[in-house]
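Both of the next two complexes hold subunit A, though its partner changes from subunit B to subunit C.
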Partner chain A sequence: MLRLITLALVGAVLIAAPLFLEPHSIGVLTTALIAALFAMAFNLLSGRAGMLSFGHAAYFAIGGFAVIHTMQAVESGAIWLPTPLVPLMGGVAGLIGGLGAGFFATRRSGVYFSMVTLALAEMLHALAPNLGGFFGGEVGLTSMRMPWLAFDYGSENQVYFTVLAWTVFGIALLYAYNQTLFGRLTVGLRESERRISFLGYNAHHTKIIVFGVSAMFSGIAGGLLAFATESMNYSMLGMGMSASVVLHTFVGGSTVFLGPALGALIFALFGSLVSDLTKNWLLYQGILFVLIMMFMGDGLAMLWIRIVNECRSRNWDALRQRVLLLIPGLLITVGAITILEVTSKILDQQQYATSVARMNAWPPVSVFGVSWDPTSALTWLLPLVAILVGIGFVYLILARKMQQRTGTIIMSREPAR
Partner chain B sequence: MTQAAIELAGLKKRFGDNEIIRGVDLAVREHERHALIGPNGAGKSTLFHLISGLYTPSAGDILLNGRSIGGLPPHLITRRGLSRSFQITTIFPRLSVQENLRIAAMSKHGRRYALFSLARNAKEVNRDTDQLMELVRLSHVRDKFAGDLTYSEQRALEIGMAMGPGADVILLDEPMAGMSREETHYMIDLIRNVTVGKTLLVVEHDMEVVFSLCDRISVLVYGELIATGRPDDIRSNARVQEAYLGEVVA
Partner chain C sequence: MEFIVVSTLNGFVYGLLLFMVSAGLTLIFGMMGVVNFAHASLYMLGAYLSFTITRATNFWVGLLIAPLIVATVGIFIERFMLRRVHGFGHSQQLLLTFGIAFVVEEVVKVFWGNFPIAYRPPGFLSGAAFTIFGTNFPSYRVFVAVVAILLLGMLYLLLQKTRIGIIVRASVQRPAMVSALGHNVPLIFLGVFGVGAWMAGLAGAVGGALLTTSPTMAAEMSVIAFVVVVVGGLGSLLGAFISSLLIGLLTSFSVGFQVSLADLANVFGFGDAARRIGGLLTLDVASLSASLPALLMLIVLLTRPAGLMGDRN
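Take a look at the complex of A and B:
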């Protein structure tokens, strides 16, 4: 029930978004939705079938290029296809590419599988500049969205709603896939490939199909990006794209159905918000990833489920502890950001070095609207103290929890003596 | 005489220079319960791996109901009607008991690429799943993760998985290893029930189990069969006593 309400709320917010967001933010949200569908497609292979692909950008990009070529053909009148259906061609191309690559990659398992997927994607990436006809060389390819019926696809909103519809449709299909007999078999593949073979299934063929389906939905996502940006470049084939989908999936949580979509949305929004504030945003994104993997390895969706369960079972102790941890968390975060930002501003070659030379002094820098003098000890001590106090707090809270735990164990052992 | 369910002819398996199976000839009759016994490291599991297709024979042939299966991959052997359990439990630990057995039952109906049928609507598959669950007496833990079951429940599930594809020839590798006396009796009864009307080849160390469950026994020592016969013949066979029973039964 709660799940349905949450979903309805998210849906309502997404549909109403153009009412309260400016066009630029709608563009960000469009990219976020595409990343969400991509992560969901990736997780079918990684989370459900247990095959971690390090080269999924390939199928995303193949879909994107197929769609750009389709759009060009529609534009020139060579073929007829309603504009909102154009992303479908990305799915077709992704499926074909995925079945082909899957045939080779799924012959191996574990790390070897990951390495083959990585190698295949890198091979395509290296070849692409030489195949200018298909990949458009250094400059890439562009095309125009053709009007269809009453839609001219000239506004951010029309593009946004098309992408939203495809994303919801794709995720719904992936959900349905999991409910089929083959979807159940897919999870068995992750649990024990040997058992699958000895039950009479051809494990290799099964894995090729799962790979193909995952690549198909990745291709739709790539196609949506081509559709939304009206352009495609071979750099899409690079490691960056392959790595970010892994990141999104694990941050969101690969064991919860919508976890990867959550991870993708959070990272896309985080990137867009924080990159406006600081150019160190990639560093913060990396730190966030490491922290999430260290302290909640099963992802944010799992954290959410735990909190909901604690509310349901009225586990106030656990909830109070989470709220208490927010205080030191805030102290550590603010302290760390201050030190990082002051340091990075001083080390910024062009700007700071010239002003040091001109004034023959170390001018103060501004972080959080406060001006910090780099030569003053306070600038470094204050954030450091905040971090240390924060860590001390965390230690105290966790130590008390440990004490309570061992306390109960000792008490329960008492009568036995 | 009826045709043999499994027939091994001059079967050999080498790993490098090491010959583990050294020319085994054996005929397991249709509908009999046949035990394979022998000391640790004799090659019993290796023989099972050969018959079930995990390993390919170095020499010799394997016939299933008169047709050669030597060198076929495991999934094709299963489809021809031979299914097995493993000495090391091989189930789907993070799936429920019901999901485990459903994947096993799907195979019997040939639903191997059922991309467009919802699991919940697959009537025959679900009916067979429930039957299997009752057969191995795990209905009370239907929704538990297989990995959270007790050891003996996991071993029962392992047998259920072997029964899923509906094969007529069943291979069980040490189904009661590590069980208490009580659990062992429970398991003998269960195995007797699930293999009614089927051919069973079972590896087992416990003599009491072997003598009470099986019609015939074969003894494997260092990769060679030294005897095959009814329990009484095996008990009184001098070579068997010397090589194997002497130390265990005494």
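Take a look at the complex of A and C:
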């Protein structure tokens, strides 16, 4: 019930968004939705089927390029296709690319699978600038959205609603897929491939199909990006795109169905908010990912579910502990951000070096609206003390939890492998 | 003739440099079963740190100190990060190293800027060592080769001729048995991770001045080091050595070739038809050189997944 209410609320906010957001924010939301669909498609392969792909940008970009070519063909009148259906071509191209690549990649499993996907994507990325015919060389390709019926696709809102419809449709299809027998088989691949074979299924063929479906939805997402930006460049094939989808998926949580979408939305909104404040926002994304991998392997969606469950079962102790952990967590975050920002502003070679040369002194830099003098020890000591105090508090709280649970403090040590 | 000799020498130097990076990667994989995505980031860190230390002091101090700092970073990563998620399985460790690589790249951008830096060989090594067929062979390349060969010799002696080496090699093969015999296997892991990181740092310190030093160097080196390790056989040092030289030579030779599939088709009389189709068929080998290593890795993974010298999959 709570789940349905949350979903309805999110849906209502997404539909009503153009009423209270300016066009720029709608653009951000559009890219966030595309990233969400891409992450959901990626998670079908990496989370549910347990095959970690490090080259998913390839299928995303193939879809995008297919859509750009389709749009060019529609523009020149060579073919007739309603504009809102154009992203479908991305799905078709992604499916074909995914089935081809999947045939090779799925012959290996585990870390070898990850390496094959990486190699395939890197190969395509290195080849693309030389294949100007399809990938448009270094400059890329551009096209125009053609008007269809009453829609001229000139405004941000019309593009936004098309992307929203496609994203919701794609995620609904993925949900339906998971409910089918084949969806259960997909999870079976992750849990025990051998048992799948013993049940009489062809594990290799199943893997290829899962790879193809995942690539198809990635292709649709790529097609939506091409549709929204009206341009495509070979840099979309690069490692950065493959890395970002991995980050989105695992920060959101690969074990919960909507986890990857949540991760993508959080990162896209985080990116658009923080990138105005600091140029180090990618660094913060990376640090967030590393911390989540280390301390909370199942992601933010699982954290949310745990908190909801604790509220339901009236587990006030656990909730109080989370609130208690928030305070030192905030201390560590503020301390770390202060040190990083002050350092980064001083090291910003051009700007700071010129002002040092001009004033013949080290001018203070402003972070959080407070100006920090780089020559005073306080600037460096204060955040450092905040971090250390924060870490100390976390240890104290965790040690008390251990003590309450077992009566003694456990010296935890990992067993030797 | 000139092309062959110069390309061979260049490929040899590049291959030796590759070996310095991939030796640590393959050892770490053999022991922990983890492909360390952050290994090439350590190489990048070595290059940047030695650049900064060289500017403050001199080349030799940079060469000495930078790899030691990188080794410390590597030990920190193993002890406080990777070991934490050990119980959660390999994919969690893989993802963690992936995240670390991402963070290191961004940290480098913060400290040194998002552009290539001018890390050049020191003055006394910038001349020509010898002249061959009218081509000056830079003495810095000779220096890189000497460093790599010295390191290779030391690694060989350490692993093959000492007691530590026997224990390390045994832990690569059967960690549980070595542990049962009373050796501290986690400590050995830590040591190997540190040495691997040190070698990567040293490779960066000498290689940064030979190749370019930029925030993307880690991602580029990462793919090539993976190719080396996969082609050689994951966990095999000899395999890594052979495939490093192989890929070094392949890269340096392919840059010079202006042959395309269409030219090949010409031999059989289909040249014009192939040229009309265009696309892949008219690309010459030189413009393919960046994707050749990945292609090689694909072929090896699909035909002989254990690699040249590997004995397990």
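Here, the second predicted complex is superposed on the first by the 407 of 417 C-alpha atoms of A that agree within 3 Å, B and C clash if a C-alpha of one lies under 4 Å from a C-alpha of the other, contacts with A are read in each partner's own complex, and residues count from 1 in each chain.
Methods note: a contact is a pair of C-beta atoms (placed from the backbone, for glycine too) under 8 Å apart; a residue touches a chain by one contact, two chains touch by 3 or more.
Just so we're clear, the structure is a prediction, and the values are computed from it rather than from any experiment.
In the three-chain model built by superposing on subunit A, subunit B fits alongside subunit C with no clash.
With both complexes placed on chain A, subunit A has more residues touched by C than by the other of subunit B and subunit C. Across the overlaid complexes, the C-alpha centre of subunit A sees subunit B and subunit C at an angle of 80°, to the nearest 10.
Contact with subunit B, but none with subunit C, is seen for A:200 once the two complexes are overlaid on the shared chain.
In the superposition on chain A, A:378 makes contact with neither subunit B nor subunit C. After overlaying the two complexes on the shared chain, residue contacts for A:119 are found with subunit C alone; subunit B is out of touch. Within the superposed three-chain model, A:209 lies in touch with subunit B and out of touch with subunit C [touch as defined at top].
When the two structures are aligned on the shared chain, A:13 is found in touch with neither subunit B nor subunit C.
Contact with subunit B, but none with subunit C, is seen for A:188 once the two complexes are overlaid on the shared chain. For the pair subunit B and subunit C, the least inter-chain C-alpha distance in the overlaid model is 13 Å. On the subunit A side of its complex with subunit B, the touching residues are 176-177, 179-185, 187-188, 191-192, 194-203, 205-206, 209. Of all the residues in subunit C, the ones that touch subunit A in their complex are 33-35, 81, 83-88, 90-92, 94-96, 98-100, 102-103, 105-107, 109-113, 175-176, 179, 184-186, 189, 219, 223, 226-227, 230, 278-280, 283, 287-288, 290-291, 294-295, 297-298, 301-302, 305, 313. Residues 52, 73-75, 78-79, 83-84, 86, 90-95, 99, 102-104, 106-107, 111-120, 122, 125, 161, 164-165 of subunit B are the ones that touch subunit A when the two sit in their complex. Residues of subunit A that touch subunit C in their complex: 50, 52, 54, 104, 107-108, 110-112, 114-116, 118-120, 122-124, 126-127, 130-131, 133-134, 239, 243, 246-247, 250, 280, 282-283, 285-287, 289-290, 293-294, 297, 340, 343-344, 347, 349, 414, 416-417.
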